[in-house]
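Below is one structure; the comments refer to it alone.
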Amino acid sequence: MKPLNVAVIGCGFMGRAHTNAHRKVWNFFDVPYRPVLKVICDVNEERAKKFAERWGFEGYETDYRKVMQRDDIDLVDICLPNNFHAEVAIAAAKAGKMIICEKPLARDGKEALAMVKAVEKAGVPNFVSFNYRRIPAVTLAKQLIEEGRLGRIFHYRAKFLQDWTISKDVPQGGDALWRLDVKAAGSGVTGDLLAHCIDTALWLNGSIEKVNAMTETFVKERLHQLTGKVEKVGIDDACAFLARFSNGSLATFESTRYARGHKALYTFEINGEHASIAWDLHDAHRLQWFDHRDQGKVRGWRSIHVTDHGGDHPYMDKWWVPGLMIGFEHSFVHQLNDFLVGVASGKPASPTFKEALETQYVCDAVLKSAKTGRWEKVKKV
Amino acid sequence: MKPLNVAVIGCGFMGRAHTNAHRKVWNFFDVPYRPVLKVICDVNEERAKKFAERWGFEGYETDYRKVMQRDDIDLVDICLPNNFHAEVAIAAAKAGKMIICEKPLARDGKEALAMVKAVEKAGVPNFVSFNYRRIPAVTLAKQLIEEGRLGRIFHYRAKFLQDWTISKDVPQGGDALWRLDVKAAGSGVTGDLLAHCIDTALWLNGSIEKVNAMTETFVKERLHQLTGKVEKVGIDDACAFLARFSNGSLATFESTRYARGHKALYTFEINGEHASIAWDLHDAHRLQWFDHRDQGKVRGWRSIHVTDHGGDHPYMDKWWVPGLMIGFEHSFVHQLNDFLVGVASGKPASPTFKEALETQYVCDAVLKSAKTGRWEKVKKV
Amino acid sequence: MKPLNVAVIGCGFMGRAHTNAHRKVWNFFDVPYRPVLKVICDVNEERAKKFAERWGFEGYETDYRKVMQRDDIDLVDICLPNNFHAEVAIAAAKAGKMIICEKPLARDGKEALAMVKAVEKAGVPNFVSFNYRRIPAVTLAKQLIEEGRLGRIFHYRAKFLQDWTISKDVPQGGDALWRLDVKAAGSGVTGDLLAHCIDTALWLNGSIEKVNAMTETFVKERLHQLTGKVEKVGIDDACAFLARFSNGSLATFESTRYARGHKALYTFEINGEHASIAWDLHDAHRLQWFDHRDQGKVRGWRSIHVTDHGGDHPYMDKWWVPGLMIGFEHSFVHQLNDFLVGVASGKPASPTFKEALETQYVCDAVLKSAKTGRWEKVKKV
Amino acid sequence: MKPLNVAVIGCGFMGRAHTNAHRKVWNFFDVPYRPVLKVICDVNEERAKKFAERWGFEGYETDYRKVMQRDDIDLVDICLPNNFHAEVAIAAAKAGKMIICEKPLARDGKEALAMVKAVEKAGVPNFVSFNYRRIPAVTLAKQLIEEGRLGRIFHYRAKFLQDWTISKDVPQGGDALWRLDVKAAGSGVTGDLLAHCIDTALWLNGSIEKVNAMTETFVKERLHQLTGKVEKVGIDDACAFLARFSNGSLATFESTRYARGHKALYTFEINGEHASIAWDLHDAHRLQWFDHRDQGKVRGWRSIHVTDHGGDHPYMDKWWVPGLMIGFEHSFVHQLNDFLVGVASGKPASPTFKEALETQYVCDAVLKSAKTGRWEKVKKV
C-alpha cells in the first residue's frame, strides 16, 4: 500500500467531510494507496493551523498556488466555494496533480467545460464528489437497474427539500453562507441541491433531453455579510422542473430551502414496467423496492435495510455487522476508495469531470427555461 | 326527519358508493332528510334490476328521461361516465331536481359551464362529488389551514399514482374501461385523477394562476371494446404540471397510471412559513403535521391518527371509538350529510357546480399547455 | 336469498356495529340469508325506541325474554355487557335460536362452559364475535400460515395498548363504563383486550400450554356510577404474560389502558424459520411480511396494502377498487357473511362457542397465575 | 490536549469499534486527552500485526500481561470475549491503568463484583461500554425523562431481536462464534443482548425489583469449533421476562436470535402519565415522542429526526449539518469523549463498573427465574 500525499483545499463543512474520508478509508478498505494528510490550505491562517492540528495534517498553506508548486503533493482535494473550483482545479491540472473536486463542478457549463479541457489536456485522474451515489442503498438501486429488473422506465421523480433559509434574518455571503450569494455559488438550490438529484438521475436513468422549469426567490433582499449592506438576493430559493429523458420516461424535479419540516430530504423514485425503487436521504440506509413479479397476495413495497454482508449490499461488509447503520460521512469514504481503486486500475471512478459536465448542462438548461418559460434542450457533452 | 326521494343514475363503482351513502347516512348522522332509495336507472335492464334488488331500491328505470318526469323524485344522483354528465344534469335541472354529480363535473370547461348555467337558472341545489375533501384527515388539514397555522404558503405538491394500465392488453372503452376512451372520459389522468388533486388544492390553497404541463400516452393503441378494433388511445396516460397559485406559492402536480407499486396513491403536501401538512390516501386516516413552533428538541413530524372524538377530529364522533379506522366509502357518507345539511340550512355544501367549474378550467389549461409547451393562464370562473 | 329475522340485544357500541353489519352484508356479499332487522331489545325503552328508528328495526322490546318467546325471530345477536352473556345465550339456546355473541364469551371459563353445553344441547348455530380475525390483513396472515410458509414457529408476540383510563376522574360502572366494573366485566384488560389477542393467537398458532402472568391496577379506587360511591377497582388495568404454545414456540402478551399515545394498538408478530408476519390495528389494512427465501440483496419487510382484488386478498373483491381502504366495521360484515354461509352449508364459521371456550380458559389461567406468581397450565377444552 | 496512551486488548468486532473511536474522537470533540494508539494486543500474532498496520498502532503485543507491565500505557481498553473480562480487568486495575471494558461486564454477578472491588481498591477510572446510551436519540430520551416530562411511569417494554442463528449449521465457539459457547459467553441472549436492554432501562427508569423469566434453546446441539465435536448448546437462544421496577411500573423484556427479519432490532418504549417515548436501533437516528399535553386535534406521535444542532440534540453539533445521519460507530466516539471528560473533571462517566454491576444482577435473577419458574428478586448493589 503506497502512500498518496494529499492536499485538502478549504476548511469548511466539506473540508471536514473529505479529510475524514482520507483518515478513515484505509482502516476499512483495502486501498491501493494510503492517503497521507500532507497539507491543509485555507486563506485564513488561524483556521488552517487549527484545522491541521485537529485533523493531523503535517502542515498548512494559505495560498493554494504554493500547494501546486510542491512536489510532495499527489492529490489536490478541492473543498472551496463554487467560484473557486475552476481556478484551483485548472491550476492543479497544470501542475499535474490528481484532482477531487466537491460538487457542483462549477457555477455553470462554461466554467465546467474549461475544467474538463484542463484535466483532459493534463491527463490527470479527476473526480467530482457527488457523494450520494455511494450511499449503499443508492448504489444498490444502481445495481438493480443495471440488472434490468425494472424493464421499460416510465417515471422518475426527485426532490431535495430543506427549510433553513425561511427566516428573513439569515444573511447572505461569507464563510458559511456563500451558498446564498449568487457570485460565489453561481445559483441557489439548482446548483447546490438539484445538482445532486440530476447527477443521480443521469447515472440511474440516462440522459435528459429537455426541461421546463420555474424558479422563485421568496426573500428578495438579505444582508450581505461581505459588504455589510442589504442587497438583492440573486439565487433561486426554489426550483421545480419537468423533464424528458432519452429513454422516453417523464420526470419531475423539485428543490427548495422553504419546505418546513425537512432538513435534507433528498428523495427519488423510479417507476418501471416491472418494478419500482424509492429512496430517502433522511432514512438513507433503507431502499424501498416493489417488484410486480412477486406473487400477488404477498406483493408489497419492501423496506430493504441495506446493512447486510456477504456481498449482498454494496460496501457494507467493510463496516460492522448486519443491522447496524452507517451515516452520511461514509459515502465520502466509499467514493474515496473507489477513486483510489480507479487510479490504480486505470478505470476511473465515476463521475469524472467530463461526466459531471452533463449535470452542469442540465442545470444551465433549467435556469434558462425558468427565464424563457418554455422547454429548453440540454446541450450534449 | 323528512324523507328525500332519491334516483341514482348509473350502476357502476360510483353507483355503488353513492347508494351505500344513501343507505347509511341516517344511521350515523342526524340528517335533516332521510334518503329513500326510490329508483335506480341504467340502460341495461338486467343490471338495473339486480342492482335494485341488491341495494333495496323500490324500483328501476332504463331511461333517465323517465326519471326526470317522475314527481316522486327529489334528488338525482349522477353516477355515469363523464360524457353523460352534462346531458343528464341539464335535464335534471330543467326538471327542478336537486343534483349530485360524480366528479369530474364534465369533460371540459365548456360542458361544465353549460351545467352551471342550467342549475343556476333552475335554482336547484347542486353538488359535485369530490369525495376526498371529506376524508377526516383532509378535512382536518383544511381546518388547520383556515386557522392560519401555516403562515405564508411557499409550496404545494400533489400526485395521484396508479399502475393498472401498464399492460398493453388492457382494452379501452365499454363498461368498466370507459376511463381509457377519450370520447367517454374527455381526458385521461387529468380529468380522472388530477381533478381530485386540483379540487383539493383549490380548496386548501386558493386559485391557480397559470400552469405549465406535459402529458404522455405510453401505450399508443389498445383494443376498443365497443368497436372491437385496435384503435388509437386518445387519453393522457400521464400528466405532470408546474403551477403558480395566486397566493404566490409554487406547485407541482403529477398523475399517472404507470407507477408500479401504487394503486391509488393520492398524496399532497403543503409547506408554510410556520408549519407543513402531508397526507396520503393509502393511509388515509393519518395526517402528517410539522409545526416549527414546537420546542426544538422535540420537534418532529406528527403522525396524527385522525380517529379521535370529542369534537377534535372531523366526523369521527359519529362512528366507532378512538383508534378505529374508517374507510374509503365513509367520505361519501360525510359529503352526503353535508349536502343534506346544506339543503336544509340554505348554505350549500361545497363544491357546487360553480365551484367545481374552476377545477375544470385548470384541467383545460393543463391540457392546452401540454400541447403548446408553455405557461397557460387559467380562465377565471 | 331467504330472509333471516334478527333480534339484536343491546344498544351500545357493539349493538351499533352488529346492526350495521346486518344492514350491509347483503349489499356486498352473496349471502344465503338476508338479515331482517326485526327487533332491537334494551332495558331502557327510550333508548330502544330511538335505536329502532335510527337503524330501521321493525320494532323493539325491553325484556329479552319476550324476544325468546317470539316465533318470528331466527337469530339472537347478543351485544350486552359480559355479565349478561350467559343468561341471555342460554335462554336463546333453549328457545332454539341461532346465536351470535359478542366477545368475550363470558366472564370466566365456568360461565362459558355452561353456554357451550347449552348451545350443544340445543343444536343451534352459534358464533362468538372475535371480529379481528376478519380484518383482511389478519385473514391473509392465517392463509400464509396455513400454506406452511413460515416453517417451524419460534416466537409469537402480541399486545393491545390503550390509554383511556389514565385519569383518576374516569368513573367505573354504568352504561359506557361497565368495562371498569369487575362485576359486569369479569376482568379488566384480560377479558376485554387480551381475549382478542388470545383468540387470534390460538387461531394462528395453535394451543397454549401454560402461562405466567402479572397484573396491576394502577388506580385503586374510582367513583362507581351505579352506587354513587368511591369504590375499590376490581379489574386489572394492565396484564402481561409469558406463554408457551404446544408447537414449542414462546410468546409474550401484554395489554394495558395506560399506554399514552395508543388508542387501540393491537399488534401481533409471528417469527418462523422461513418467514415472519406482523400486523397493527392502527394501520389495519397493511400486513408486514418478511420472507427469508427472497433473494438476499432485495430482502426486506414487505408492506402489503391488503386491498387487492382478483381473489388475492380476502374479502376485498367485494368492496371498492384496489388501493382503497375499508375500516373497522367491515370486519363485522365479513364475519356475519361467514356465519350465514356456515349456517347454510352446515360448516359452522369459527369461532363457535366451543372454540371460544379455549380463549376463556387461557384468560382464567392468566388471572390465576397473576395471583400465584408462577406458571399455570391452561385447562383443555 | 495531553496525549493518553492506549492499549486495546482484542482484535475482533469490538476491537475495531473501540479503535475507531480512539482515532476519531479528537477530530470531532474537544477532548481533554488525545488518545494515542500505542499497542494492540492479541494472542494471535499475525492478527495483531495486521491490525496494528491497518489501524496505525505503534506496536503490538501477544500477551496482555506485557501490556500491564509497560509504563507507557495509561488506558487499557478490553475488547475480549466475556470469559477474559475479569482476569484482564483485575490485572489492569492492579497495574493502575484506567479501564474501559466492553459489555457485559462479566459472565455473572460474582465475577463482576470481583472486578468492581478491584477497580475501587486501585482507584482507577473505569467504564463499561454500553454504547447505546450514547446514540443521540437515546440520550435525548434520557433528557426528556430527567426533565420530568413523562410524569408517573406505567410501562416499560424492550426487546432485542436478531435472526442469525436459526440455521442448525452455525457452529459454536471460536473466534467469531464465542457468543454461542456458554463457557466463553456465560449466557446467550441474556448477557449479549438483554444486557443492553437492561442497562438502558435502569438508566432511564431506575431499579428493577424482581423478574419472572423463561428461556429456550431452540437448537440443542451444534458443532463446537474448538473441539471439533457436536456438543450440547449451553446458552439461551431466547429469553423473555416480566419485571417490576421500584417506581411501580411494569415491564416486559424479550430477546432472541430466532426472529426472522430482524438483524439488530433493539427497541424500547416507555409510557408515562403525560407522555411516551419509543426508539428502534434499526432507525437509530429517530426518536418517537408522544405528548398528551399537545392540543387534541394535532396530537400524534412525533418522529424526531435527532440530527439538529444548536444544542438541541445531544452530540449532533459535533458532526455534519442538520438532517444528516450518523451511524452505529458514533456511539463509541460519544462515550469515549464522555469518559475522557469524566477522567479530566473527576466526575466519572456512567456506567462505571459498579453501575454496570446492577445489570449483571438483573441478568443473574433472570437466568435463575428461568430455572425456578417464579419471581426472583434482584440483588441490591
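Order as written gives the chain letters A, B, C and D; numbering starts at 1 within each chain.
Operating definition for what follows: a residue touches a chain if its C-beta (ideal position, glycine included) is under 8 Å from a C-beta of that chain, and two chains touch if they have at least 3 such contacts.
As the structure is a computational prediction, the values presented were derived from the model and not from experiment.
*Asks:* Going by more than half of the contact pairs matching by residue number, which of B-D, B-C or A-B reproduces the interface of A-D?
*Replies:* More than half of its contact pairs match A-D, so it is B-C.
*Asks:* Same or different: at the chain C/chain D interface, is the fraction of residue numbers used by both copies above or below half?
*Replies:* Chain C and chain D contact each other through largely matching residue numbers.
*Asks:* Between chain C and chain D, what is the gap in Å from one C-alpha centre to the other?
*Replies:* Those two chain centres are 42 Å apart.
*Asks:* Per the centroid of Cα atoms for each chain, what is the distance between chain B and chain C, given in Å?
*Replies:* Spacing between the chain centres: roughly 36 Å.
*Asks:* Using mean CA coordinates as chain centres, what's the gap between chain A and chain C in Å?
*Replies:* Whole-Å distance between the two chain centres: 55.
*Asks:* Which chain A residues touch at least two other chains?
*Replies:* In chain A, 262, 301, 305, 308 touch at least two other chains.
*Asks:* Any idea which chain A residues touch chain B in the complex?
*Replies:* Interface residues on chain A, with respect to chain B: 154-155, 157, 159, 161, 163, 166, 212-214, 216, 218, 238, 240-242, 244, 250, 252, 254, 256, 258-262, 271-276, 290, 292, 301, 373-375.
*Asks:* Hey, which residues of chain A end up touching chain C in the complex?
*Replies:* 140, 143-144, 287, 289, 291, 294, 296-305, 308, 310, 312-313
*Asks:* Going by the contact rule set out above, which residues of chain C touch chain B in the complex?
*Replies:* Chain C reaches chain B through residues 13, 17, 20, 23-24, 26-27, 54-56, 162, 164, 262-265, 281-285, 305, 307-308, 319-330.
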